[in-house]
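Input: a single structure, listed below in structure tokens.
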Amino acid sequence: MYCNQRPEKPGVKKGMLEKINNMARANSLWVTAYGTGCGAIELRPLGTSRFDMERFGIAMRPTPRQADVLIISGYLATKTLKRVIRVYEQIQDPKYIIALGSCTINGGMYFDSYNTLNVLDKYLPVDVYVMGCMPRPEAVIDGFSLLMQKIKDGRAQGWKHYKENLDYYRENQKKIITDWDLPDYNW
Amino acid sequence: MVKALAIFLPLLGAFINAWLPGKSPKASRVVSYLMLTAGLIAVIMLSIQLGAWNLRDLSDSVILSTGVGSPPLSINLEITAGGTLAAIVMYAATIFSLHRFALTTPKSQPLILALLTASLGLLFATDIFNSFVFLEIGSIVTIGLTAACKCGSRWEAAIKAALVSGLVTILYLLAVAVLYRSTGMLTLAALGNVSGASAVIVAILLLTVIVTEIKAFPLTGWGLDFYQGTSSIVAGLYSATWSLAVLLWAAKVLPLLPIGNPIIYAWIGAAGLVFSQLAGLRASSSGRIMGYSTSAYASLLLVAAGTTTGAFYTQTVIVLMIFSSIAKFSLFMLGNPEKKDQWSGFGTLLFLVPILLLAGIPPLPIFWAKFAFLAHLASGFPVIFYAVLAGLLLEAVYLFRFWSARSEKTGEKSAKRPSAVAAVLLMLLASVWITRMSWGALDFSGSIIESAGLRNIFHGLFAIGTLLCLPGVFNRIGREKSYWFWLLISGAALTILPAAGNGLTFYLLWEISAFAAVIGVSKGTAASKGTFWYAVFASLSGYLLLGGILLSKGSFAMAGVPAVLITIAALVKMGQFGTHLWNVRTYPAAPGTLPAFLSGTSSKAAVLLLVAVAVNSSSASLPWGRVIAWIGALTALGGAILAALAPDYKKMLAHASVSQLGYILMGLGLASILGWTAAIYHTIHHLIFKMALFLGAAGVLYRTGTTEFNNLGGLVKKMPWTFAFTLISVISFASIPPLAGFGSKWLLYNGLIEQGWLPVLIVGMFASVVAFLYSFRLLHGVFLGQLSPKNAHAKEAPLPLLIPQALLAMAIMVLGFKPTILLNFLVPVLEKIGLSGLAPVIQGDMVLTTMGTWNAWMVGLMVMGLFGFAFVFYWISGHKPKYVGQLDIGFAGEMPPSADEVHYSNNFFRPYQRALSFLPKIHAQKIFSGVNKTFNMLGDGVRALFTGDGRTYLAHSLIFLLLLFVFLNGGM
Amino acid sequence: MGAVIDPATDPKKTTHLYFGPQHPGVTGNMSIEMWFDGDQVTKAITHVGYLHRAFEKLMEKRLWIQNFPLVCRICVPEPDINEECYAMAIEELAGIEVPEKAKWIRTLVLELARFAVNLMAFGGQSGTLGLHTAGMWGITFRDFVLDLFEELTGARIYHIFIQPGGVRRDLPEGFEGRVEAVLKKIEERLPELDRLVLNNAIFKLRTQGVGIVKPEWIEEYGLVGPVARASGSTRDLRKDAPYEVYNQLEFDVVTETGNDIFARAMVRRREISQSMSLIRQILKKMPKNGPVATKLPNLTTWRVPAGEVYTRVESSRGEYGYYVVSDGSLTPRRIHVRGPSYVHAVPLLERMLVGANIADVSNIMVSLTTCPPEIER
Amino acid sequence: MIDKTKKELEIRFPLLKLVREMHNYLHVEVEKASAMDAILMAKTSLGFKTLQLISSVDRMEENLFQMTWILENYNNETTLLISARYPRENCIVPSLSDIWPAASAFEREIFEMFGISFPGNPREGEDFLLEGWKDIPPMRRDFLTEEYSMKLYGERQPREHLDPRQYIGDMVGEWNTPMGQKRKEEK
Amino acid sequence: MGNIVSIVLTILGALSWGLLLGGISRTVTARIHGRMGPRVTQNFIDMWKLFKKTSSIHHGGMFWMAPMFRITGAICVLLMVPLVIGNSITYNMSFAGDIFLVIYIMFFGCLGMALGAGNSGHPYAVIAVSRGLAQMSSYELSFSIAVVAIAVGLKTFRIEGIVEAQQAGILSWNIFRFPFASAGALIAFLPMQMAYPFGIVLAPQEIPIGPPTEYSSRFLSFMFSGRALFGTAKLILFVSLLFGGASNWISLLVKTFLLYMYPVVVSSVFPRFRTEQSIRFLWFVPTSLALVDLIRVML
């Protein structure tokens, strides 16, 4: 029914071709359409005339299978975290996470809430954080350009990190998702 | 001495028995058996002596005089050759039923023997007063037997019988008085001597008596109630002895009646046949159905008396009456349906043979009589012919309904009864014997299709189609035991079919094939409904075909009405334009590989029939070709839409089959070379892919036990080869190049445009696009999507099913890539037939028409090349995707609940359905139920005559008498 | 519509699917669990809680004034009503008088917010049907309004502008002119948007007669706002229970009788015009001078007197209520937020979707302008 | 209008307390035994046909739950709040879900948040806001959200840099995991 | 040999042209929205990125093979249509079949796509296929009526023949000679290109996002190139059928570009139909238009 294999360790690729690939990856970031939090409201102006993220090749894709980037637009409730893990693992490599808002960094104003996790980094490998509550569209674009730069430099390796340290992430995830019913390996 | 013994041994037995009873039942039984066996031997000897077994000449007779003086004081019997045959039946029936009486009503043995004596007496009586005596004995014994049996409404039945016999007595005695007064003689021959007013009176009175006694239509009521009221054993014995005797006596008397023009019998009979069979449609209890059937045969007797004379009359009547009696006897013996006892497959079959016999299905004996008789009618009495045809069809309908209702209760224990088994065996033997007699000459010398090429194509198709279905019969489930035998018979008959040299041969093979298949279908689990529909529509097409053949005197060179009838017969067989109902019900019900045979192979018999009609006509075309093409086009469209909405794999294939046959009709309707090329090409193509699909369906059914789309899905993981072959077939019938299906469409469209039939073309093209809907539905519903956990155990279909599919898939490839192999053979053949239009030009691999080009080989190379290139590119580009489970889908971030729930299957094309909703919902189903309702209403109307009240029946008789009087008097 | 199959009776005949949370057609982070037969929904269950941040729990832990940053986050598109509602409750409990000018500014802020939301929702309605042009334009127009907010409050989305006893600051210099300029700019483009959406034959085909809210459901479910007003209701708290200065403004309650999605779009469209007129009236009638806030006690030790109150404000989605319980301590005892989406998205949506086409699910949901955070808080 | 409502209610039920009375606004507290009767009477004969909210306040000190039903009369814009107090242990309150379909969702939430049971609500116990919650109902006063959050989601991360750029910079995505820690130490 | 070279060049050229047109159309749509829009080469970058993603998943054989079906079907259509009239080397495979073959071979890719979607097991994909097939069966009706009307009117099914018959000046183009049939075919062109208001197959807000919902990475890039190729092939086919074909490369590019802009512009101003509305519209409006010319031809 589901996948039952551990993910393979991705190899390290270098060379000219990989640089070209990275250029292409950086200039064609497809974002999973999943507004996980309140930051999603600022993603909509991002697509319209003033900010127009399509200029950078950033587009929204409705399904995770076809996307490259997952935007965590703010705090994550535990109920959402489960879905986000599922969505993230269904994105194909290489994949990146941009986390918006202070609340993803250390809990922000919800640091003492029983239902929102504080440090997203423990559960998913974040490539770029964007500060603010909520971040302005300009800030989000800035985050994207940072991500693009990281991809071009070959430093956006969160997905590799996730695969290498899957046990660590799983342990953390299972700690807070009490009714864990996701498959352990899930691509 | 032998003669007398033959008649009076039973009487002696009766007396002994009457004297013995109570003291030693065993002794009485021994006596009875002794007497009866001796009598039987005597009768057989007599029959051999008279040469009755020859059947062609039944005129011999011996006179047996008893006592002194002349009748009526003595009993003078004329033992005719035919009569001896009937006497054998009577003896045999009595012997067979004796032990059952011994079990139920031991004291009735004298009555039984008396009944036999009365029957024999009546059968051979030459004197009108002697006849009266036997009639009276028979009536009284009947009443006694009825009253002695242990069934609920026996008294009613007995009293009704008594009332009627009272009336009959009065009328009969009146007639005797008048006759005697007029001629001074009481022999039957004297009837010819009366003249004037007394002749009329005698005729009217006796006719009323006869019609009442034989239970022909207007005076059927009491007989129905009698059959319904009494126990099955009494009814069985009654129909095999007394009823048979009365019928044959009537047959003897009727020609002698002093009526100006005997055609009046035929009119009474024909009208009675239609009306009583209409009423029969409403009958539900077995007794009543037998009653109606008796009425049908009585009516046939009247028709025969009115239209035929001499030896032919005798033969017809003897065969019809004797075998119908045997059939009824065995049906009654096989049990009373109300008892709801369980039946095995063998029991069902046992039950089917008498039904087939009654319905007049070849090669059973009644068919021969009916065939000759109908041929005679067709040559001289067209209106009566149509009426009789319609009546017989109606009879077949209710008989088959009776059987299907009966076989629904099949299951555990067999209710085999030795007597019934014997009767059935006897019938089968008799049929072999009578077939040998060759009433109509079977002819294989020159085929109805002169062109050897065409003939060979059809021979090959039928043979291959049958052969490919055979391996799969080894994989069957449960009750579907011996359908392979019937498949083989049906296929064999089909294979010979193109060689048939005349109409009769064709019809015979056609019906054998159809009804062997009916029996095969009945082997399926829960197949009763499907079998019923198939049997009814097979009868319909059979009777239409018969009508056409008879009207054109057995030859296929025909035009006008016979051609139309035969065309309709073919359309019914193909399930076109509303008659698809039987396909849709039969194919899902049929067991194992039988649907593949039915849809792929058997339906091609209709194509052959149409081809035969067309090639034998003067212009090498079908009557009303344009109408036929339209029927084909509309059926193609309607069938495709219905297929898209079907919820069941086999049902969908059935609709699809009907739809695809529509294309063949479009081609045949064209009557141009291109059209025919397309039609024959598509015939072959349809055989190939439809067999492959149905064999695939058989595999799926075998492995999963279901064909409902809701319960299937995802089987590609389990049955990859079946899927691959199905996919090839689907791509082909969706007419996607480079597989074979495109060729037929291309040729057809070219043909249609050549003739300028653009509207037909548009409908056809639309239908071919709608075919995508169901082609995908089929693949998805069964093979794609989520695999239900229930089917997780399923394996690949067994090899006997797979190998034929593989061969067929290969054939599709070959036909698709190199259609010129076929076209090079086909086009010259068709050019010779004399069709209009230009033939396609074949240059190497290129096929050219005046407007279009098609190079299947290049297209095939291109597609395969590109596909192969893409394939290789996939491999060498180092793309190694990871296989994930079926539930690992992007499910909006949630977890899919279960494969069953996620699989999308029910109401697959609901938006399409909704878009269609502006159309009035004309379902063929509704039309047919409308027809059914109308017939039921008519039937009810007729049925209302038979109130079940004895007085009404008396009134009927009197009214009949009055009407006869008015009518005959006016006539004179 | 054929007979509706109950998934419980025949699971094989229905397909079970989640519409959301990760779904482009769903409004925010929520999901609808659906069973459908063919493409007709036979059963729907709304799932919420993906955004549950425990606001009500957190508010019990924080000072009265500290809760302002929290309450505005309860509704993302239109945060000001939360501030207004909460402020009204505190004022009611503590008996604080709001200066006249502050009332006008609050009304202005509320109307601007309603204006912005309706622009987005009106365009978004056609956006779900694939007419992205209108959706893009609507969000672009809204951006102009957000600029005004940014100038006024310093933030685009979460303004935290209203405070007990007034607002944070007075209008900046020349603000009226800039508001007028934005209104004018949008007003010029609106006819084009109308032509694109309301005059679009296919938009009408998709929305008329779809997503019917029967008038008798209004009282049964407690429907409010445009959803109720599109079904013939004439309820509008601004008219019926006026707060701030709405009783000094001239406007008619927008109401339609179509009961369907088109009527709801029409209500929103007409409320855009209404808001523009109201904003103009406010700018015209607003007193030029005067205090904008009352002096409050030391906020770190401020104890709001004990008591319970339920305050209501008309938001762009309808009546918005705060049930505030104070026990006289530094922090609130209990704050219960009642957003209009609560009944719209849970019981009403579950009922509306039964028998709906799967193509219309998103359409129907967007027409209710569901805002999940106000359901789950 | 309000006076009439108050009078009608007073005749039938002993009002424990008149909590607040304003223009078109009435908040009364009744005995828990008569709460349902009062609500039904308000619906049937006083015109309060709409249920706006069902709320619950945890009065832990008094060992009580205070239930409040907020009803509205749409015809004259009157709000009626009816409160009743129930003992805190094994609290059972009659359900209104067969009278107002909207009540079901409110009651599900209160069941989840306070553990107050509403027998008669067919959908009671279905997950509403939380998923797989195992602790005591979170809205109870004795549930300590901060401690819970600390325990489950970890301490709030202290800032090491004041420059946000550095804080969220390149190290993000690596330093929480064991491997990241090692790398960090190496640096 | 020359033929093979021509075929290879045709495929590569059509792929690039299709992707470029896609990029341009994104820009045009963005301009209508009031945005800048992406670079015109964005589609190439997307393709490259998808092709070079390092992992991908599949759900079984048909899922795996569907993009191959798609590409094969698209290239077949492409090769069956002569590109530049008079330049026989660009006729590619068009000698092997006529317009009927083209109509039917168009389904090859669609069926493959549908099978892949079915094998993915995702209900949305299957719903989309059900919608798509239902719609396809409707627009093919009007399209085939139009084609039959034109072919019968010109007395040839061969595409070269149809194009050659239009070489006598602009008024001999079929769009002027068969205006109603052309109108019907052009309306059918919209759903063929999945343009709104007929874009019910890839409806992101309803069934995200139709058949390719499970496709990722390299599969998706194949899918997109198939789509680009198929789009170009259909453009060339329509140019040949209605707009006089192309007598040189420039006119081929200009005509296909202009024709491509037509669905792009139309889809910017219409929302989607519901499936049954779309089907009914296609059954009645374009079909009746095309029937007018068919009847004219018959008389």
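Every chain is named by a letter (A, B, C, D and E) in the order it is written, and numbering of its residues begins at 1.
By our rule, a contact is a pair of C-beta atoms (placed from the backbone, for glycine too) under 8 Å apart; a residue touches a chain by one contact, two chains touch by 3 or more.
Predicted model only: the values in this text are computed from it and were never measured.
By the document's definition of touch, common neighbours of chain B and chain E comprise A, C. In terms of the distance between Cα centroids, chain A is separated most widely from B. Chain E has the Cα centre that lies closest to the mean of all protein Cα atoms in view.
Comparing the centres of all chains, each the average of its CA atoms, the largest separation from chain D belongs to B. Chain B and chain D have centres, each the mean of its CA atoms, that are 75 Å apart. We define each chain's centre as the mean of its Cα atoms; on that basis chain A and chain E are separated by 36 Å.
Centre-to-centre spacing of chain D and chain E amounts to 57 Å, using the average Cα coordinate of each chain.
Taking the mean of the C-alpha atoms as each chain's centre, chain A and chain C sit 29 Å apart. Residue positions 129-131, 138, 143, 145-146 of chain D are each in touch with at least two other chains. Looking at chain C, residues 15, 17, 21-24, 39, 49, 52, 54, 57-58, 61, 136, 140 sit in touch with two or more other chains.
For chain E, residues that reach two or more other chains under the stated contact definition are 33-35, 55-57, 123, 127, 130, 204, 208, 213-214, 217, 274-275, 277.
Chain pairs that touch, as defined above: A-B, A-C, A-D, A-E, B-C, B-E, C-D, C-E.
Contact residues on chain A toward chain C in their complex (touch as defined above): 32-38, 40-42, 44-45, 47-50, 60, 62, 64, 75, 77, 79-80, 83, 87, 109-110, 112-116, 133-134, 136. The touching residues of chain E, counted against chain A in their complex, run 26, 30, 33-39, 42, 45-46, 48-49, 52-57, 204, 208-209, 212-217, 220. Those residues of chain A that touch chain E in the shared complex are 10, 20-21, 24-25, 27-28, 30, 33, 47-49, 52, 54-55, 57, 61-63, 65-66, 68, 92-94, 187.
Contact residues of chain B toward chain C in the complex are 710-711, 890-894, 897-898, 900-911, 913.
Chain C contributes residues 2, 5, 11-23, 31, 37-40 to its touches with chain B in the complex.
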